[in-house]
Each structure stands twice: as C-alpha cells, then as structure tokens.
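First chain written, first letter: the chains are A, B and C, and each begins at residue 1.
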Amino acid sequence: MTEPTAPADAAPSASRPPLWRDVRILRVAFQVAVVAVIALVLGTLVGNVRANSERLGIPTGFEYLDNPAQFPIPDSDFRQAQPVRDAIGEGLGNTLRVVLLGIVVSTVLGVLVGIGRLSGNWLVRTAARIYVEILRNVPLLLLIYFSYFALALTTFPRVADAWEPLGLALFSNRGVVVPWVDGGIAPLVIGGVVAIGAAVGISRWRTAVADRTGAPAHTARYALPAMVLVLSVAWLVSGLGASIPERDGNRVTGGIRMSPEYFAIFFALVIYTASHIAEIVRGSIQAVDRGQGEAASALALSGSQRLRYVVLPQAFRIAVPPIGNQYLNLSKNSTLGAVVGYFELARVTAISVGNGAPAVPSYLLLLAIFLVLSLVLSFGVNVVNRRLALVER
Amino acid sequence: MRRLRGAAAILAAGVLVLGACTGDDDDDDAGDTTTTEAPADDGGGDTGTDTGGGTGGGDGDTLAAVQDAGVLRCGTRDELPGFAVLDSAGEHVGFDADFCRVIAAAVLGDAEAVEFVDLETADRFTALQAGDIDVLVRNTTWTATRDGAEGATFLQPNFYDGQGMMVAADAGFGSLEDLAGQVVCVAGGTTTEGNVATEFSRRGLEIPEVLPFDSPDLLQVAFQEGRCDGWSSDLSQLTGLRSAYPDGPDSLVIFPDAFSKEPLAPAVADGDSQWAQVVNWAVLATIQAEEFGLTSENVDQVLAETTDPNIRQFLGEAGEDAVLDPGLGLPTDFAYQVVSQVGSYAEIYDEHITPLGLERGLNSLWTDGGMLYAPPYR
Amino acid sequence: MTTTLRAAPAATIRTWLRRNLFRNRVDGVVTVVSAAVIGTVLFRAARFVLVTGRWEVIEANLRLLMVGRFPTVHLPRVAVSLAVASLVGGFVAGIVHQRQVAAGTSVVAHLSVVARLADLVERFWPALLGAALLLSLTSTAGPWITVGGALAAGLVGRLVGARLPALTHPVVVVAAVVTPFALVAYLADAVGWDSWGGLMLNVYLAIASMILCFPLGVLAALGRRSTLPAVRWISTGYIELFRGAPLFVLLLMANVALGFFVPAGSAPGRVARAIVVFTLFTGAYMAEIVRGGLQSLPRGQAEAGRALGLSPTRVTFHIVLPQALRNVIPAQVGQLISLFKDTTLAGFAMGLFELGNISESITSQGPFRGQQLLPEVVAFVALLFWIGSYTMARESQRLERKLGVGRR
C-alpha cells in the first residue's frame, strides 16, 4: 500500500539530515578542527622553544629583567649597573619622546603642505607637489640614514666651530642645545595645565560675549597673553632659573639637548609622515562636495574663511581615520631609530639580547609593549573620530 | 550539500595555505643543498646558507654532522684588518680565518674545507644558538655571561687582549683622564660599552658619554666628523684600524694602558662537550707545535728525523710503537695536518698580527713569559 | 547705453604671473619667501649632484648595487631571466590590448604608432631615465646587452601577443603565472638565493612576498567576516597582531629568535625568513584593505546572489570578491609600494646584502674608505627606489581611472 505523498506526521527522524551532512554539526566540527590545528602548531612551537633553551642552558622566563644591564644609554642618567627593566623604561621614554612630538609636528606640517597643494599660488602648489611625490616614494630608512650622515654629522659644524646664535643656543654635530629652565619640569607641567585651563575658560567667556553682543570674539588676543602670563608666574613663583648652554672646549653644559641621533630620526620621520598626511588632507579636501565651497564663495567668504569655516571641518571628518593610521605607522617607524643609534625601545631590546638576555622573552615583551602602544593610539583616534562623526537622524 | 562543499572548500584552502607555509622550508632546503659549492666562488657562498645538516642537540652530534657534511661552518667577519678581511679574490684572510682553517684541518683533514659565515656583532651568539654555524671564531671575549646566559662554551683563548682607547693626535688628549666627561665611541653589542664606564668609575673620573655603533665603518665616519673624542675597542682591533686609517696611522694615538681583560677565544654552542673538546685540542695543537719548534716548513723533516717520542706521539706517528688515540674523536694525525696545512701559533701570529705592529706580549709561550700553555698530549 | 563685452585680455607672461603668483599682497610675500627658500634648496641639491658629488663610487660598484655578489660567470642567467620575463610580460600586454580592442575599451587603439610610443614614454619616463643613467655609468657591454635584450624581447612579445588567437590566451596566462617561479628556480640553480644581493634581491623579496601575501590576505579578510566564531577569532588575532607589530622588530625577531622555534639546525635561510615575515605582515594589511572593500559593497549584491540560489562560496568568489577587490585596487597597490620600500629593512635587520645594506659596505671598501661617500651612495639608492615606487604609483592611478573606480 503506497501513498503518493507522505503524511505530515511521518517519523520525525526521517526529515533530519544524517550527521555527516548536518550543517550545525559540520560548523562545530570545522571549528574544532581549526582550533586543534592551531593549538597543535602553537604547542609544537612552544615545545621547540623549551627544548632549545634547555639544550643551550638559556632561561625562558622573565628573570633577566632584574639582571644589571651592562650597557650605558647615552643622553640619560642611566647607569649600566641598573637592572634591565630600567633600561627598557628609558627606551620606552625615548620612543614616546619621538612619537608624541613627531605626531604633533608632522600633523602641522602635513596639513600645511596638503592645503598648499591646492593653493592658488603656482609656486607653492608645485613645490608641495614635488615634496609629496618625492618623499612618498623613498624608503624611510634611507631618509634616516641620509639625515644622520649627510645632515646631522657632516652639515652641522663641529663642536669647536659651533654656531651660537645670540650666545643663547648652540648648533653642532654633537647636538642642538637650547636654554631651558633649571631644576625640573614639574612646576612647568602644573603651570602648563593651569594655562590651558585658563585658555579654555577665556575662550568660553569670549564666545559667550560674542553670542550675546555680536562683537567679534577675538579669543586669541585674550587667551594667548593670559597663557604667557600664567606660565611666567609659574616660572617666577617656583624660583626657577634658566640654564644657558655654555661651551668649554668640546664639552657643552647646561640647557636641554637634542642629540644628533634624535634629530636624524625625528626629522626624517616628520617629513616622511607629513608627506603622507598631506596626501590624505588633499584627498579629503577634494572629497568635500564642491557645492559647499561654491556656496561659501557665494556668501562672500574669503578664501581663507571658506577653508577655515566650511571646507576644513568637513574634510577633517573624512581625514581622521587615515591620519590615525599614519600615526600608528609613525609609532612603528620610530623603531628605525635603532639604525642610527638612537636608544629607543627596539634598540635597547636588541642590545640587551646581545648582552645575554634571552631572545624569545625579550622580543615577546617588546612586541607586547608595541601592541599596547598601538591600542592606545587607535583608541585615542577613535575617540576623536566619534566626536567628529556626523549624527545621522 | 552546498554547505558541505562550501565548508570543504574553505578547509581545503586553509590546508593549502598551511601547506604553502611548510612548503617554503622544503623549497628552501632544496635550494640550499644545491649551494654546497666550493666557498671560493666570489664569496658567493658566504652569507648564511645552511648545508642541510642538523647540528647540536647532544653529545657527539656536531662532530658527526660536520664530518658528514664535509665542511666546517665557521662564523667570522669580513672587515677587521689582521683578523678577518676579504682579499681581492674574495677569500677570507687573517688570524681568526686561519684558526677556522686549523679546526677544519684537524676535524676534516682539509684546511680549505671551511664555509666562512660573515656575522654582524649582534648575530654572533644567535647564530651559534640556532645552529647556523658550528664554531664562532670572531675575536669574541670570553665572559661569564656569555658562558651562561648566551648558551656558548668558550675554549682555549687564541689571543689575550685588553681594551684600549684611541684619540686623534691633534685633539690634545694626553691620557685617559683627559677624556673624563667627553664622548667616546665604541662598537655596540660588545663588552667595550660596559668596560668604559666601569673603568672610569674605578678611577673615580666622570664617566664619558658612550656612543655605540653597529659597524666600524659608521663609527669611523662619526669619529672623523668629530662626533666623539675617543674610540675605544680591543687593542688589537685599534691597531688594525689605525693601520688602515685614511688620514694615515700617525693622525691617531693609542693610549698604552689597557683597562680590561679581553681573552679572545673560539666558542661553540652549549650541550655538546665532545665537539667542544675537539675544537679545544685543535687550537691547542698550534700552541704545542710552537713549543716543539715545529713549523709548516720543517714538520716533514722533523717527523722523519726526530727521536723525541713526545713529538712523534703528538704528530700521530709512532713507528714501531702504538699510535696514541686519546679518544677525542679526532683522527690520530690531526696535529700533523694542522701544522703542515696551516702552521704553528707563531707562524699564524707572525703572518697576520706582527705586521700590525703588535708585540707577542701575553701571547707568547709560557716559557717566554706569556700565557700560552698547552696541556700535555698524552 | 550699451555695454560691450570685451574678450579677456590675451594671456601674457604678465597676466600669468599676476594670476598665479601675485594675486594679492600676502600672496606676493609668500611667493618671494618660498622662491628664496626653494631656490637655496635647489641650488644646493644641484651643486651636490653636479659639482661636489663624487660619483666614481657608484660607477665602480654598479654591479654590486644591481646584483650583489652574484658570480660573474652566472650573470648571463640574469640577462636571460630579464628577457624571458619581458617576453612573457609582452605577451600578456598584447593579449590585454587585443581584448580591449575587441571590447572597444582601448584608449590607444586609435593612435598612430608614434603617438603610442609617446604615450609609453610619458608613462614610464622615470624608468627610462633611470635605465639611461645606469647605462651611462657602466663601462662594460653586459648591461647594454641585458637592457637591449629585455626591451627587444618585450617588443617582440607585445607584437606577437596582439596577434595570438583567442584559444591560446589561457595558455599564455598560465605561462605568465608559472614564469616567476621558473625564473627563480633557474637563478637559484646557479647560486642559492641566500647569496643574491643588490637590487635583484630587493625585487625578489618584494615580488615573492606580493605573490604569497595576496591569497593570505583574502583568506584572512573572509575569515574575519565569517560566521564561525573560532575562525573569526583566529583571523582577527592574526590581523591585529601583525598590524600592531613594527616590521623592523618582526625582522629582528626572525633573525634572532626564529632559531628557537624550530628544531636545532633546521632554521630556514635568511632570505626565506625575510619572505615569510614580509608575507605575514603584508597579508595582515591586505586583509584589512580587502575587508574594507567587502564592506564597501552594498549588501544587495550578496543577497541577490543568494536569491539566485548560489551557494555562499559561489556568491563570495564570483560576485562579492571581484567587485570588492576592484574597489580597493589603489589601496592594494599602495600597500605593495610600501612593501617594495620596506625591503630595505631586511638588510639592516637581518644582514641581507640588499641595496640599503650594500651602501654601507661600499663606502668601506679600500679606495673609498673614510671619504664620507655615504651621501652619494644613499642618494643613488634612494633614486632607484623612487623610480620603482613612482612608476608603480602612476600606473595604479592610470588603472584606477581606466576601471572607473569610485565613479560608478
């Protein structure tokens, strides 16, 4: 007795696919297989590291961090008897000095060059274009090499013939020394924070006045003198002197020094990253709808007003993610300072490995620090990005 | 059915990718085994090919692997006058290069069966650790940390050196004290960095700023430009570099006092004591040969004529007596091969170091008041 | 009262200056200051290149810079490889031209031969100038033969390729894919690639990593968007790990620490290690770029594919990926240009004898020692890299325009 169609309440097991074709089981099985393979590979690698380290008698833990470093770090108070962890701290400090200052200066330069590429002035436009086209296509390593050996070491004069403008600063191939405050940086930092707070307060006040009365705000005219005043008060109150660099034979004492190695890596990084940022800025300005610029012109805004009030704010919204990427690249490119002997983190690690620290834990630590640094930078860029993002209704 | 195929496709692609990764190594090994040509080929075979033999991993493995491969991989350098440089034909010549040949002559019976691997300073010990080289003969100082944490075993020092300081002749520095608080350039990643600071604090002087450079060429550029006032390194290195200085050796002054102990010795990787002994006795053979008065020229004659049983035993020739095999793993005539193919310690020193102007000093035999003392071969 | 409209005054130098350089007072000041600064820089650069630069060091070491310590006896293999690569490249160009003409999308088909040559020159002038410079510095016949052979082979390939019947096109494509591997094997047969050097090594590292990183990047991007959590986590982990790590540090690690991860003595040679690191690193960046391309695609495309009954795999490989990849071509080429420039890091991190590292050892050779010739050598090497990168960048812009990226 056959029926042409099976009734709807036929045995339920007949409608379930067999195990080897069931998608749910296949998905789980595939993932289990992938995880197993990865675990196997990682397990083999870790096992090999252990076996090789045992064979050579090299430790695999992080105890080496307490050993004395046995190498000096130029341009700092680090003594070679201090433990390796202090050396790593110094290296990280050096890296941050390059990265943070480099981000600021390269952004400024990059924005200027990017805007210059769209300038009406033919000379500026062509010069910016040549600058970008040359520097974007040259390896950064060669730029660093060049800035050290062709600029910092040879073009700058020797110490004996150092250039001393106004008797205040000193330019030589042993570094650039400028006057600095005596006795520490803490009062300056506090003064700086107060000054920034004052500037913010003043800008709020002037904006409120402008909104109320319609008179121009002139924030800068009020804020800048106020900041200078606050900083001078901080300087006087803490009784700080100034230290002026002085030269005695080959030695230079006083002031704050930027070593030629720092100059080389800083200069090369800044002009290189600025060329990339310039391209991003140019692209983002051109991506802003032309109608915006035309409307601004129709409202009789001048060229710079059009840029400042209409085009640039919209352009920055587009530009922030790629510029954030360039900041990450800059932080990673700072490791190239090792090539010219700038003691940033990668060089400190490489030298400590050369002096007996175990290779695998040292480099894993270095990678971990850079991952954290990248995460922090991306987080900062994301915060800015979110604040600038368009609120879509 | 479609999903199965999709899953299978992704799985297959993943396996392919993983296979490609391991395939890299296979391709590379295939590529490497075709490069075991004679090393004297425009220096073409010198940069780190491994000849497919696994080394290290336990007693007896390295010696067997080297003998199987038929070539000794010796880690050295290519730009230190007197110790290891490339001549115009691309051959390695120098004191350390000759000691590589000594070890090859002892182990393989052929002094030219050496593959010279030029290493940067930073790569010296990692190459040993990874098994890229069998022995490191690269004017490397024997220290406690390198014995321990670097996983190396150091052998009979072939050069007892000290660290010195070199300055420009017209800079006005008369002695080490004048450099207090100045700037000193050193070769990075070596013992010299730490020694400068240690020495100055030992003398109670202000520690100078120490600048490490990765290569002697860049160091020389910086020194010439006046970036640093002093150049500190092993005295043997300084002498060699001064002799090749472009402005002439007289434009530089090396201070006579040495301020650290720098015993330069060949090194092998930890974990294979048989290989360490083999290399050790190969080096000791040159010292013992000098003590016996043997040279590459007279060794055949001496062997034919001498009645001294010590010399006959040493050269592995005993006549009616039994030949001595101390069980090191070396052929019984290894000393003969070393002396006849390369030479005694005196010959090697005179050919490479004496032209630089360095006296034997500590590097003489113990009978002449120096430090070279070979244990008896019996 | 009638107003007559006058034609704009004829463009003279004066009007051009007024309009472009001296629009108003501020502009005038800017022009003067910039002219002073730029003039000084240009003067010093010109003086360096033409007067004070001592370029003998380049002339004497041209072979080292181009092929490193490759044995002279095997150099004909390099010339042969270049010619074969040129020939196959010409075939492919000819086939592409044929198809474009058939599809009506060719931009040069209507031009005369002279105009086409002019177009080629305009596209590749940096490379042509560079080749002319190199040939002018050399004193032996070898380089002339190499360059001439490559050009002739390319020309022959192009002419023949444009006339090949359509049936042979797949054969040519397969040949083009196989050729790089065959040439590498051919050259490695003479001298293992651990002994290669100079520009040849940089190009080899770049091309090998480019070819290998592409499938890796696509797979990782697809994996990151997968619905299977394990696959997604692993892909994300790989991508974030290699994007956060500096390439220089990875190369240092490969040089120093890799020996620990493999059984003793079996660590791969340095060139292989460098290629693996470059591939993994660029693969992670490629994955992000491809992911951006996948996200830029409207979801309707994939949904339409599913509605047509195609399996997810078919939807991905036939509908989604082609469009996504085409959208991100500029970003991909930018990444490849970065890869080419980053091959210099392999020299400094791993001691490979590539172009940047050679600059250092050239300046320490006997007759050139201690004469501070580093600026000259570095400038020359930078020029070589600039030619390669600039040509690639312009070609990518041209491709972008032709494919109409961003305009559909």
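Basically, a residue touches a chain if its C-beta (ideal position, glycine included) is under 8 Å from a C-beta of that chain, and two chains touch if they have at least 3 such contacts.
Given the structure is predicted, the values throughout are model-derived calculations rather than measurements.
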Pair with more cross-chain C-beta pairs in contact, given A-C and A-B: A-C
Furthest chain, CA centroid comparison against chain C: B
Separation of chain A from chain B, taking each centre as the mean of its C-alpha atoms, in whole Å: 42
Centroid distance [mean C-alpha coordinates] between chain C and chain A, Å: 26
Sequence positions of chain A contacting 2 or more other chains: 27, 30, 34, 52, 55, 149, 154, 339, 350, 353, 359
Touching two or more other chains - residue numbers and ranges from chain C: 256-257, 259-260, 263-264, 372, 374
Where chain B touches two or more other chains, by residue: 3, 10, 14, 56-57, 122, 126, 129, 218, 221, 225
Chain B-facing residues of chain A, complex: 21, 23, 26-27, 30, 33-34, 37, 52, 55-59, 64, 70-72, 74-75, 79-80, 149, 153-154, 158-160, 173-174, 250-251, 260, 339, 341, 350-351, 353-359
Chain A-touching residues of chain B, taken from the complex the two chains share: 1, 3-4, 7, 10-11, 14, 18, 56-58, 121-122, 125-126, 129, 145-146, 148-151, 181-183, 188-189, 193-194, 196-198, 207, 209-214, 218, 221-222, 225-227, 229, 269-271
Chain B-facing residues of chain C, complex: 69-72, 188-189, 191-195, 212, 215-216, 219, 255-260, 263-270, 272, 275-276, 311-313, 351-353, 360-361, 363-364, 369-372, 374
Chain B residues touching chain C - in the complex, by the definition given at the top: 2-3, 5-6, 9-10, 13-14, 17, 20-21, 24-25, 27-29, 31-32, 34-35, 41-50, 53-57, 65, 79, 90, 119-120, 122-123, 126, 129-132, 215-218, 220-221, 224-225, 244-247
Complex interface listing, chain A residues touching chain C: 27, 30-32, 34-35, 38, 45, 48-49, 51-53, 55, 120-124, 127, 133-134, 136-143, 145-146, 149-150, 154, 328, 332-333, 335-336, 338-339, 346, 350, 353, 359-360, 363, 366-367, 370-371, 374-375
